[in-house]
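As written, the chains take the letters A, B, C, D, E and F, and residue 1 is the first residue of each chain.
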């Protein structure tokens, strides 16, 4: 029934290659099916002004998409002179999600910026960015710990994200672009470990949904997150 | 336990005054406690380019906040030269939510822009904007129908939104600012009628949540939405 | 002769409601006929850089108009990414006008920002903004004096503004939109007390004017300003 | 008493050199004392959208100042990414002033853009821009008439502008920078011919003024305008 | 003598992987040592306005760099709201260079946009972008020819680019970042085939150069270009 | 053969008038044929942040063109809200070129900004800007030395620039606009003294060039530079 022939609860293949950017304190290239996101973590010894002298650190994220990551070329945001609404919304989500998995007190007064740049898009880029961004963050924290700059691990647990939706009337896991553009309901589930939710964003532009559908999608999401955590562990 | 002395499942008082902007096709001033949002609907006889010759209409929204709607003055976005990420995120949410309650084919090739300007903020501005924005939309559609420009009512049902969260460890309905800024989990529930969900956005920056909390908040949200629909009906 | 049936020297009804924004140090909603402007004063303990260590304070203003304050919707300046020329011109006028009524030495090194947001426009918005902005300023200064932060009153006198013009060949007081858009000459008179001028801006795009017309309009303006001062006094 | 030793009613020397920009349809370099403004007129065969098919033409103006036209270098507006409030205000004044001297029906559906660029500033740049801009406009219209594109002269009369102010308690004509920065009242008088007013902008940031001062300044302005018209005639 | 141990006339290893972006009409990932640039070609059936109805096509380029492509993180241009001077300069160079290798008449009225995004930077990114961008262009033209949309090959010859400089007093080929940042003279040579020059940009910020050095660098550049052409041929 | 009737190796007449801007520390108006560029030097007692406490000074440049400097009016960059790519490229070139002729250690921690504004354009504006900008720089340094602020002359030698190109198949010196727009190859040669090169930028958009043409153009450039140095010496 799905365009890709996948089962309703079947994720696309996930691969995470670490250490792909030699300058970054942590980096990976995550591929979820044809979706490819390059994630890097950059550490700075200063925090935003509102955190000065609080002893707390900060994790933030920026998201971008190469102009031809998609089927037709999108105009380059740098040339347009501003980030679009979708970009802003996604990078705020990535930042909030990753911060939820960090003990900012243990991190200390430093900032880690996670850059997530989509090289190729086929649905699920924000979820891949969160899952891959966490790997970059984890590796950057490892770098700080190896250098003795942090003594207690600020990483609380695995953070990853997966989309679920109602496609052709059925709850499905991990929508690709052809499903995403036709889905009645589309949701993104960000979890800490495999059962605790950090963010839940569900949207039904062409239809509505009830508690039954919500629970079905949560079941799928938990399955997907378990597989993503396994992929994260394998990559590290 | 709540700063306002409200019960856990008690909303703030809601008032909706219609027809407050003489130029707009539909308008209202919605007050939810101390939060005040002025909503207007503007009808244009043309749609965005991507809908030309499709027979479908469009509903979109813009959101703003007066600089001194808040406790300390925020810089004016027009003077800064761009809308902030929060603004963009909220106006996209309002637009998606209201579109979900409209049969765009029955609306025909016209655009209705809902402007939601926060005159005073005390938590829950995006929810008040959706609830009030729907009133402005409903009134503008009434105007079009009275003028004979639309023959079949494109409004599918009431759209309204309410926030719920976990405050001091307890699920509470309709967070005000003092609760919102201290809440562990914060969610916005947009519904069509009183049981079907359009959008669900839950975020746990300082904690995480499980299915139990999600269900408790859904119960509260459904109660709140029933009261908001009653307020909408009373206003019309 | 006037579209509203008013006498040549008759102002529209003026109402000023104070204390309408709970967060601001001073605020009012001024209505001049159908024109409605929400004015707030925000106090900060710092001045612009060019006044540091001079002992002088600063009063500045920002002006905005809700997109549907007018008959047809204007694009939102925050979304356009810049304030239009008209907006900039008006907010500079408001700022200069209010500063002229303040002893900046008595104010001390603090800044008061007056935000004037037009909720509904029917001509004369800049004049209403000055008249209402002065009320917000007066109330904010009262707040500072009650708190003992200022000992000597920095307010020199009432500042208010009124438009006069040549409409259908006759000098008229307080133009509404239907008159303003058809007027040959259009002027704004800002006064300190009821006879001293702070700013005088007269413009004749479709005609010219001589000293006779100027004097007639000054007579009208002085009458209008006396009435506005009375309204300001009543509101306080 | 004046820093320059001039009499109270004495203008600075005025020179207008025409034809200084070989590409423009009309141009001049106007010098008023040390103030130097290069003015050009550019003709286009199209009008702004709001005038299409009205038979009416348009005259508009843009104003700029070289970064080192002033005593200390100002940042270049093109590099800052926007025109400042003062620039916008001035170019709107120039445009309105010149339009008032044109029969836009006789001009026909074309646009003339007057660029006024200040090469050196010593007070009175907006007045010099109007006076010189009119010369560029006059020359461009002559070009159009010689080419047979316009048959009836659309120029109604001379447009020129002069500043007056209250300096050291005395009304003075044509303020230079040292006077302007110390003046209690500062006004710009734009006239069509030597007695009819187009625009009158008076501002008293550090003091106020009454009808007596206004009349004294008007007397001075009329004298100045007579001299400027003579200079314009001599230049043509 | 070189930090990398390379001979004076020795290039870094070059690899070009084609077809790496599934949506683009042509694409490659070019690696020159540690420098990595992802290049894509996007075909549109319309040209810029200045070429309408001329029968000529257009080739243009945009250049970007991921924030953490470099040793310390650069701010994202999309977030800053504009492309920096260096970016603009480079993308103009890439566009001019590639256009020089195309018969725009044979291309017909269509535009090909070459996006060059630096994933990792270690000197020579603009040269790698030109060399890789040509591959993307070549592949996109092949796509058009296979589809029968173009009948005569518009590609005139291989375009590639290499840097040469004076490092530690010696002419060297293909500077990496450590050399580039210390070089007295730095030049980029863009060639069509292996002896004809399209662009030559030499800059000596910390020193000057004479004809002797210029000729030595030209000798090196020709050697480098021969090797790049071989790499391009191998990749196709 | 040349449109102007000049010999292949004949420059246009060059005039340099110094001291034309009374506020600037150094200034000149340079005319090369019909091309006119107004150049000023502004001295500030601070350097960009990256040079703080290094003992080194900075020389930078900004370039602009009046809207009607050209045959058809260009839109004003300040009104467009950004500097175009060509402007950015040119001002970076001017800055690099002038810095190459300065001992920044002798200059000390101060910044000199060279503003080059094209009043009239007829080809070769960037070269005229460099040649004239150097005069402004030289005069500003003289001012600093006379004031005893600099004791050792930081000016290393004359910096000037000339264009050469292949026009109608022949190498020509100092292209005017009619030649420039038709030239197959166009190059700018920036020199320190009359034989040492600082920058060399050659571009062949409609053709390519070999070493023979390059050498012919270098011969012409050296002749031109000798004449420009003579003009600079005469002006000082």
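Methods note: a contact is a pair of C-beta atoms (placed from the backbone, for glycine too) under 8 Å apart; a residue touches a chain by one contact, two chains touch by 3 or more.
All of these numbers come straight from a predicted model, not from anything done at the bench.
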{"item": "Intersection of contact partners for chain B and chain F", "value": "none"}
{"item": "Fewest hops from chain C to chain E - one hop per pair of touching chains", "value": "3"}
{"item": "Identified repeat of the E-F interface (over half of residue pairs identical), from A-E, C-D or B-C", "value": "C-D"}
{"item": "Whole-Å gap between the CA centroids of chain D and chain E", "value": "50"}
{"item": "Rounded Å distance between chain A and chain D, as computed from the means of their C-alpha atoms", "value": "58"}
{"item": "Chain A and chain B, separation of their C-alpha mean positions in angstrom", "value": "27"}
{"item": "Residue list for chain A, restricted to those that touch at least two other chains", "value": "81-82"}
{"item": "Chain contact topology (line, ring, star, complete or other)", "value": "ring"}
{"item": "Chain ring listed from chain C, with chain D in second place", "value": "C, D, F, E, A, B"}
{"item": "Chain E - residues contacting chain F, complex", "value": "82, 85-86, 88-89, 91-92, 96, 99-100, 187, 192, 195-206, 208-211, 214-215, 218"}
{"item": "Chain C residues within the chain B interface of the complex", "value": "21-24, 27, 34, 38, 40, 42, 44, 62, 64, 66-73, 76-83, 87, 113, 115, 117, 119-120"}
